[in-house]
Every structure is written in structure tokens, then in C-alpha cells.
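Think of it as A, B and C in the order they're written, each chain with its own count starting at 1.
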Amino acid sequence: MASASSSKLGQPTRRIDGRLKVTGAAKYAAEYPAENLLHGYVVVSTIAVGRIVSIDTRDARTVPGVLEIITHNSYPGMSWWDRDWQDETAPPGHPFRPLHSDRILFDGQPIALVVAESFEAARDAAALVHVLYEVGEPNTDLRAASDAAYVPKQKRQGIQPPPKPRGDAEAAFAAAAMKVEAEYTQPSEHHNPIELFATTCVYDDGKLTIYDKTQGSQNSQAYVCGVFDLKPENVRVLNPFVGGAFGSGLRPRYQLFLAVMASLKLKRSVRVEVSRREMFYLSYRPITEQTVALGADPSGKLHSIQHDAVQGTSRFEDYQETVVNWSGLAYQADNTALTYELAQLDTDTPGDMRAPGAATGVFALETAMDELAVTTGVDPVELRKLNYTYRDEDNDKDFTSKALHACYREGAERFGWSERNPEPGSMRDGHQRIGYGMAGGFWEAQVVPAEATVRLNADGTAEIKAAATDIGTGTYTALALVAADELGLSVEAIDVEIGDSDLPTNSVQGGSRMAASAGTAVLLACRAIKERLLKQAQKTKGNMFAQAALEDTIFENGSIALKGDPGQSVALTELMSDGKAIEEGGKASPDKKVAQNYLGYTHSAVFVEVRVDDDLGMVRVVRVVSAIAAGRIMNPKAARSQILGGVVMGIGMALHEEGFFDHRTGRIMNHNLAEYHVPANADIEDIEVIFVDEKDDLINPMGVKGLGEIGIVGVAAAVGNAIYHATGKRLRDLPFTIDKIIA
Amino acid sequence: MTEHTGASSSEGHAITLAINGIERQLQVHPWTTLLDLLREDLALTGTKKGCDHGQCGACTVLIDGVRINSCLTLAVMKDGAEITTVEGLATGTDLHPVQEAFIEHDAFQCGYCTPGQICSAVGLIKEGHAHNREEIRELMSGNICRCGAYTNIVDAIEDAMAQQNAGVPAQ
Amino acid sequence: MMRFSYQKPASVSEAAGLLAADPSAQIIAGGTNIVDLMKYDVTRPGTIIDINALELTGIAVNTEGSLVLGALATNAETAYHPDVVNGWPLLSSAILAGASAQLRNAATNGGNLLQRTRCYYFYDPSTPCNKRRPGSGCGALEGVNRIHAILGESENCIAVHPSDMCIALAALDAVVTVEGPSGKREIAFEDFHRLPGDIPEADNNLQRGEIITAITVPTNDFGQHHTYLKLRDRQSYAFALVSVAAAVKLDGDTLSEIRVAVGGVAHKPWRRKDVEAEFVGRPATRATFEAFAQALTAGATGHGQNDFKLELAPRAIVRALEQAAAGTPQSQTHKVIV
């Protein structure tokens, strides 16, 4: 262990992949060259329900360079079994099989692949494919579909269904002196990472090297092997750089299937890149309707929490996420009743999108809490503190750590919450109505199984290998920091290799788990290396290290020393003068013993100032303070960026983002970045991030919790609560656009 | 030497582009965008395709020093132009001050919008119309960052601008 | 995208001739609109006529004190040109409210006038659109119509002209010079763009073969009494839901001149000179502005998702007039709406 002063962990560190990114040298999935590369362009359905009557490809084939047009008519045989199509994060049901039949299940469904010698030929030929449909009647309206809402019979792996009710929530609500009951809605939200989904499948005599946009190279590899009945040794998936994903890459997307299918069929390398329009049709945060009912006494103490949610899913898979569970976790109440149902829509299956479930459920809960604060006259922060929970009552476990009080306190102080005049509309500046709003945030902190190898070279450099992924989260740097800290090397001396299915096993990067999991694996590998170095030191340096155990040593500046006597150090290169590298593997897995009694979560308190024009309804978020409790912060530089990113996405969720369905056709009409608005630079003003002290000795050996998602949770509610404070108008339907404010 | 970039001499148009200081004779179809020419035909994949419709700015390059979306530019129309892409900003191993500032301020996460942000920032600084954070934000709004790195992007640009105006305090 | 052939004429007459001869030919200047539309297969020209060799890039003030903008001068060059900034600040402001810096660097003045609507159905060839395909119907009428027109529509088309620059040009009484097979003519700005009526496919009154060569904006003495106010779904890089170009002249406390053009509400910039004439001589007060706003938006109809514009448009007009009267034009970078 490095001494506190020289510990790399906790120091703001520049990204080690930074140079590659700012020079354009980092390559993404559509950018790898291959000999005789073919290009595939996807033709997608323009109806939501029905059947393909005919596909006329004659005009398309006249475009020079077109080789092949693959449709359901020329569908090559592949695995029949659903399980071969189900990837790591697939929900229950029948995974979609591109080009499988003439049935149309959703607007934007891939129905043909045009393969040509150039991208342009493929694209232009695709526009000439004429499709005749038998058009059915779609339903994409959740309100209409929710009459037939149901509790999913088969639960999605890794997703907890709502906990059992506690007490009698309905009766307690009826008896409560203070009541809040309201409906909250959220439209479809689309990930829209800037990189388009793409796969370059390089074919070499039956062996495939696949560059895929994915959050898990091994997930894509397993999918390809299962679907096409290929041996893993013949399929390698690489994803060293991923241009953002936010959950959309947790499942293989159809361009992977199409590229591999074409590659195998034509025995050539094939690249398929979807267009921005198609990005709207693969994975999205599900459309949700929620009802929250809170019953409290006049002091604000909660006695009853009821939270019901209905989410839209496809007709072929029961997508699920934890929407309502947070309401049983967040606040103490003796009576709770939480329900979760699905309703089928003629859409593609939704997918995890940054803090899936929590971004949605906590929006409703934290808005309802603000409404309760108004009803009771209790300050919103005080209300949260009054109802603080010290254990996870639904799972009957303690928290590994929970510094949420510090988040409330430090966030409020940095924000200047005490300056708030609680009367809505009381704070003004010319035409601007000023509003202060806040909300709490909750997210999981998990460790999942992960492996890594670390190799210490005789020259004092080290290499890390793991099939982990960096989607912008800073995995490269985080892993390097762990090794640098453990082995006492500089970050520059560490080479990190990730994004390759050939490397040690890792699951998909998601759920904010990667740094903790792969990081722990690296830590364990380093410790094994250090044990061997200590043994070597005991052999060759005799008395100095005799009787010493690992915890008696310090590794820093490329040397090993005894804690009590740091002046006497031995260079690692000296210990390795035989020139042989030391390589060790590390396997991280959740601590079952800890899991028996404890659960880990990250927490936050976010404070927002908005300015709303008193007549014109335009909203600016001028100031955000996000106070985060996430255990030990490995790299404050990258950690702050993750939270900033989450806050920005939360502002988008609050003010801008919505898929506009034309329910007559089931088509998303704003399937482009001009009309689906994500925040632009001018939308983002001051954001400050605070990491409160939180020591966690139980969650994993490093005490680290993930940060990728907590940043977005609660932001939409905080913005809405601030708008209420500014205007006296309570908004419950996302996004809070100008029409809703002036209504 | 004419590079055949998907177009034969009978159907293409001959153009000359100076790309990152190197003059190239090219044969292009009229419908080929500058973006696709760079990425598909010239293996200059630093410039990114995010939307292909001028709605995200990831494809921003400098044409005769002016920042433009290359996805909406037909290559054939830029005969004789000087093109600077992200690959042409560094001098040898020395990064451009904007590139360096982006690393220092962690002005990127996934890195995909980054080349466009950087070229746009270089163009912005040359245009000389941004004097404070508000103006930087507005004039950089043609570059969407879904990772939400805007705060750091503005910090980086402020820093690079200040260095450029060394001696004049940044506002 | 359809394959097309490429021509680069050396003169206006050559360009006009090429256009007139080939019904499937279209001109390209900056390309920011037409390349977008071609990639979506909304438009499929057989020939693209690159007019950038025509020497139409000048920006100057003529002997009458009018601003003469070359059709091929870029939006950015125009917005930042010292003559424009000093003498026609409303125009500069409106241009800078639109698009992005990159797009403004490429887009031309002529192209700005000719840009097509952003209607979702126009842009989506798999949906009905009378503008894109006459007779196929209007998808927006009973569909997703948040961004659509509330004034001057017809049952055939409720599309909106998306330009910011044009709203200012309308308020400033610009004149468009065009050249075609029948020679040169001038079109008053209010006559340049059309209302959809029964021919929604015709955005403007150009005849086949005519090319815009210049836009002339008469001198004005509004000084600082102008504003371009743009309301949209995010702070930048988005089209207007409602926008207002306003300019006033005050004689003491009364209006001696009042000009208002509204964007985001109709198939062309919405301006009513008859209404303006009625309000000359009235006090420059909020009450007057509210009455003006009601009169200017008289007859407005919502179509479901754009009903909010019935409320938003008059409010925006009032605020714009207050800004103009106070001499505090809206800044496009400082986002507080004064």
C-alpha cells in the first residue's frame, strides 16, 4: 500500500487515453480498415405493425458496386433457440431476430441489408429498395395500452421486482393528516451517443475479428457464437474505444448481427454503420406513467408511501427496470405499497438508459416529496432528513455506508439554500422568476465478477489486461491508477489493454460497476505480485524484510520499503534483475459474507437554481450543486466529469428530451438531432460537484463505488421543484417545455 | 499522382485539396461529401460522423481556416481549398494548445465529439467573437456533447484563448 | 441520395440557362440545406449547379445608403460585417440567432431565403406531404404539429418557414434582386415567400430559372430601437417556436413607426403593414403593444400540439416591442430575456 501522501488514488489524474482522443488517433468501430471491405446499409421498416408483402430490389441493384441485398427471403439459417440470441442483459421473452420473417413488429425494424463495394453505393441503393407493406394498426400510446397492463410473470435477471408491501399503505394514507397524490409521466428518451452504432467484421478464412460498438466485447462475442453457432476461438470482438453508450450498448445491436451475417455469407469483411435516424429505434428509456401517494403527519413524518408505475415494452420481450423500489429504500415509512406493471406497445424493446428505473422513479418520488414539503410547510431538505433511513428495510439489510446527511448539509451550504424564501414566485430579478429546488438521488453500488491480469516487467513498467470497457467513464485511467497506487509506479509506466474479448473475463460495462469490479480484480492481481516481490526481497535482502508481512510494506517510487523504515528501500528493478516479468491474475467477486447483511448504494443531493421568464416561459438552469456520496473517489478529475455528464443529461431529461410518436402510424417523427433536443453548450451554465467524505470498508477492498449514473438521478425533480418555486406551477409531465410553463 | 477515390477518371471530377499541408490530387464523385472522402477514401478517421446532417458538429473541420461541417460539404466544390482536420493540428509530437488544454481540463469523456470540438474551438478562436464564457458557450453550441463535458470544454477554450492572448487577462 | 451530375457555370446567365433547361436541376451555394435534403431523399436533383463561381459575394452600402448583400455572401460574413453591425443591427442579430457557427460560415444569403421547412412530414418521404409530393396529403394537420403554423395556413399545408434572417429582412422591407431567362427583376420581400394556399409545393414566387443575385435592405434610422427575440426548445442550435423582429421609432412617448415580423408561425415571415399603420401615433405602452399583438395575430388557429403558440406569439410580440421601445435589443449570447 502506498503511503497516504504518495497515494495515486484520490489525485486528479489526466486520462491516459487523452492524447489518442484529442489527436483523432483513437479508433472507433467504424474506423478499422480491412482488405476488400464491403459496406452494408440497413433498410428499415416505415410502418410499425404489419407484414412485408414484397421487396423489390431491381432498381437498387442497378447502382454500381452493389453486391448483394439480403432480406428475410434470403435469410441464411442460424440458431433456432431463443437462448442463443439472449445476451447478458436480455429481458425475458423472444429476442428480436433481424430479417427473420416478413412480420413487422416495430417502426424502424431492419428489413434488408444492402451490401456494396462502397458506403455510398450501399446507401444510395438502399434508398431504391421498394417495399410493399400490409399495414396493421399500431398502438404506441401507453395511456391507451395501460388498460391491459400486467405484472411480468418472468422477472428480468438482475432486476429486483418491487418488494412486498409493508403494513397497510392504503389505510395509513387514508388516515394521514397530510396527503400528496399525483400522476407523473415521462416520454421515451433516446440515448443518442454521438458515435453511431457500427460493426466492422473482418473475415479471415472463417475467423472473425469484429470491431463492435458495444459495452461488452465478451457479450457481443457470446451472442455471435450463439446465434451463428461459431466457436469462441474463431470470434474475437474488440471495442477499445466507444463513443458513448449510456446503456444502449448493453445488448448487441442489430448491425452486429447484420455485419456478421453478411460477412459469413459473402466470406468477406463487412462494415455496417447505422444512421442517426436508426439510433432512435434501438434502445430507449421506456415510456412511463407513475402515481405516487404520500401520507404524512403535519410534521412531515411519512407514514405511507405508495408508488405505482406502468412502463411500455415491446410485444416480444418484457423489459423491466427498478422504478418503484427506490421509494421503499429512500425514506422511512411503516407502510409501503409499490407496484410495477408493463403494457405492450408496438415498439422495439426499451433498454437500460443511464440509471434505468431510478432516473424515472426518483423523478416521481422526489417531486412528490417536494409537493409534501409544500403541503406541510416543511423545508424540502428538512423533510428528507426527517424521513432518513438507516437501513434497507425492504431487503432487511444495513447499508455498507450512507453519507447522505453530508450530501444534504454540504450541498445546501455550497448552494446557499438558506437564502431561499420558500414562498413560490417570491424571488425575482426583472422578468426572471428565480427558483431553488432540490432532490435526493439513489443508485446501486455493486461489485460483479471481474478478472484482470497484471504483468510487472523487469524494467519497472507494468501491463494490465482485462476485457473491460471504457465508454468515456475513464476505465483506462482508473485501472492504471489502481496498479500505480498498489505497485508504487507512475501512471505513465502502466499500459492498459481493455476492450478485447480475448482478455480476462469481464461483464458489460454498466450499472456503474466497472471501476469497482475490474478495479478490484487489478488490485488483487497487484497484491499477488507484491507478495511475490516481498518473497523475492526476503530471499535476496535477507534481514531487511525478514518477518515482514505485506501490510508492513510500502510500495512507492518503484521501490519496496518497510513502513517503519522508508529510507531503506529496494528498487523493484533490482529485485527483478533476472529479467523475468511477474504476471498475476486477479478475480473479483461480490463478497458473499458482506452481502448477507449489507447492501451498497450511492447517494446524492442535487440543488438547482432556475430562472423562468415570467411571461415567455423559457427556463434556464443557471446553477447546479451536486453533492455525491460515492465512497472513495479514485480520480477526482474523471469523477467530476462523470457527475457533470449526469447532470447535463438530467437537464436534458427535465427540459428537452422526448420522442414524438405519431400514434396513427407508430412512427417517431423527431428521429434526428435537430428536433430531438439534447442540451447544447449554451444550455449549461454553472455546475459544481462535491464529493462528500464517505469511507466504506465493506463494499470492496478499495472502498470505491461507481459514479457513472448517480449524477442524473434526481436532477429532473430538482429542476421541476425549482420551477415550482419560481412560478407556483407544479409540472409533472416531462419534459418541462415552454408550452407547459405558459399553460 | 491522382488518387482514385472510388471514382474512375471517366465519371469523377479531378480536384486538388491541400489536406493538413499535403497537396493531394483526387478523383471524386460529385455526391461525395468531404466527410466521407476523409473517412472512407483517405483513411483520415479523426473527423467523425455523428449525424451526417449538420446537426451535431462532430464532423467539423477547417476549410481555409474557417470551421465548417464537412458532412454537408460536397468535396467537388472545394477544389483548391486548404483543409485542416484534427490530425493536422499538432506539430510533430507537440500538441496544439487547444488539444493540450482539452486534456488538462478533461474536456472529453468518450472522445467521439472531441475532434469536432477541437477544430471548432480553433475556428472559434480565429474568428475572434468570443470574449467571455457566455459567448464561448453560444458560439460552441454547434458541437453537441452527449457525455456532457461542456463545462470542461468551456474551461479548456478559455484557457487556450488566454494563452493565445498571453499578457491579456482572460475575462 | 440519388446520383447526380455536377456543373459549375461561370456566369449568372449561364446558370439561369442551365436551370431553365433541365427541370430536375437545382442550384447549390453553401449546401447546408440541399445536401441535407438530398441525403434524406426529400429532393432528388438530376443535376446540381454550383453557383459559387458567380461573383455575388459583395457586401456594401450603395450611394442611396442601402445595404446591398450579395446572394453568395455567407450568413457569417454578413452578420459580422461592420456596415451591417452598425447600420442594420437587427439583421445581424437575427442571423446570429440561427443555426450554428459552422452552418453560418457556409450558408449563403440567397440560400437562407430558399431554405425549406423543417416539418417532420416534409422530411420523411414515407409520410404524406403535399409540399414534397403534391396531392399526397398533409401528415402534420392531424399529426405531430408542435412546430407548425398558426397563421396563413391552408388545409393542404401548415408548414412554417424556418429562417431567422428572413424575419429581419421582412421587417426591414428588403428587396430581392433576381435574374432569370426573362432578365432581371426585383421582388419586394413581402412578395418573395408565399402562403401555401393550393400550391404548397411552391415556397416562393421565383420563376423557373431565376437565381437570387442580391438582397437590398433600405437605410433605416431605428438606431437601438430594435430586437430579434427567438423562443425555442433549447437555448441555441434550434429552430424558432416563435420569433419576433421588431423595430420602432419614437416621437417622445408615441410610436412614429412600428414594424413587427413574426417567425415560427407561418409559411412566410408574418407581417401586417395594415396593422402597423393603425398603430402609428399611439403611446408606446404595454397596453398598446398588447393590442398590437392581438391585431397582428388575429385569426390565428392552433392544430393541437401547437395551440401554445396562440398564447406565446402575442406575448413574444409584446416583449419584443418593449425591448425595441426601450432600446435594449435582445442579445443572442446573453440568454436573459430582458
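Some observations on this one:
In the analysis below, a contact is a pair of C-beta atoms (placed from the backbone, for glycine too) under 8 Å apart; a residue touches a chain by one contact, two chains touch by 3 or more.
From a predicted model like this one, the values you see are computed outputs, not experimental measurements.
Relative to the centroid of all protein Cα atoms, the closest per-chain Cα centroid is that of A. Compared on C-beta pairs in contact, B-C and A-B come out with A-B as the pair having more. Centroid to centroid, with C-alpha atoms defining each point, chain A and chain C lie 42 Å apart.
Taking each chain's centre as the mean of its C-alpha atoms, chain A lies 29 Å from chain B.
Annotation for chain C: residues 1, 3, 235-237, 335 touch two or more other chains. Each of residues 120, 124, 672, 674, 679-682 in chain A touches at least two other chains. The set of chain B residues touching two or more other chains comprises 29, 31, 52-53, 137-138, 140-141, 143-144. Those residues of chain B that touch chain A in the shared complex are 6, 29, 31-32, 36, 39-40, 43-53, 55-56, 58, 85-87, 89-90, 95, 99-100, 102-104, 106, 108-115, 118, 136-138, 140-141, 143-154.
Those residues of chain C whose C-beta lies close enough to touch chain A in the complex are 1-3, 41, 118, 120-121, 123-124, 126-127, 139, 142-144, 146-147, 231, 233-239, 241, 307-308, 311-312, 315-316, 318-319, 335-338. Note for the complex: chain B touches chain C at residues 13, 29-31, 33, 52-54, 57, 60, 66-69, 71-74, 76-77, 120, 123-124, 127, 129, 134-135, 137-144. Of all residues in chain C, only 1, 3-6, 28, 31-32, 35-36, 38-40, 48, 50, 52, 80, 99-103, 105-106, 235-237, 332-335 touch chain B in the complex they form. On the side of chain A, the complex with chain C involves touching residues 46, 63, 120, 123-124, 127, 430-432, 611, 613, 615-618, 620, 655-656, 660-662, 664-665, 667, 669-670, 672, 674-675, 677, 679-683, 737-739, 742-743.
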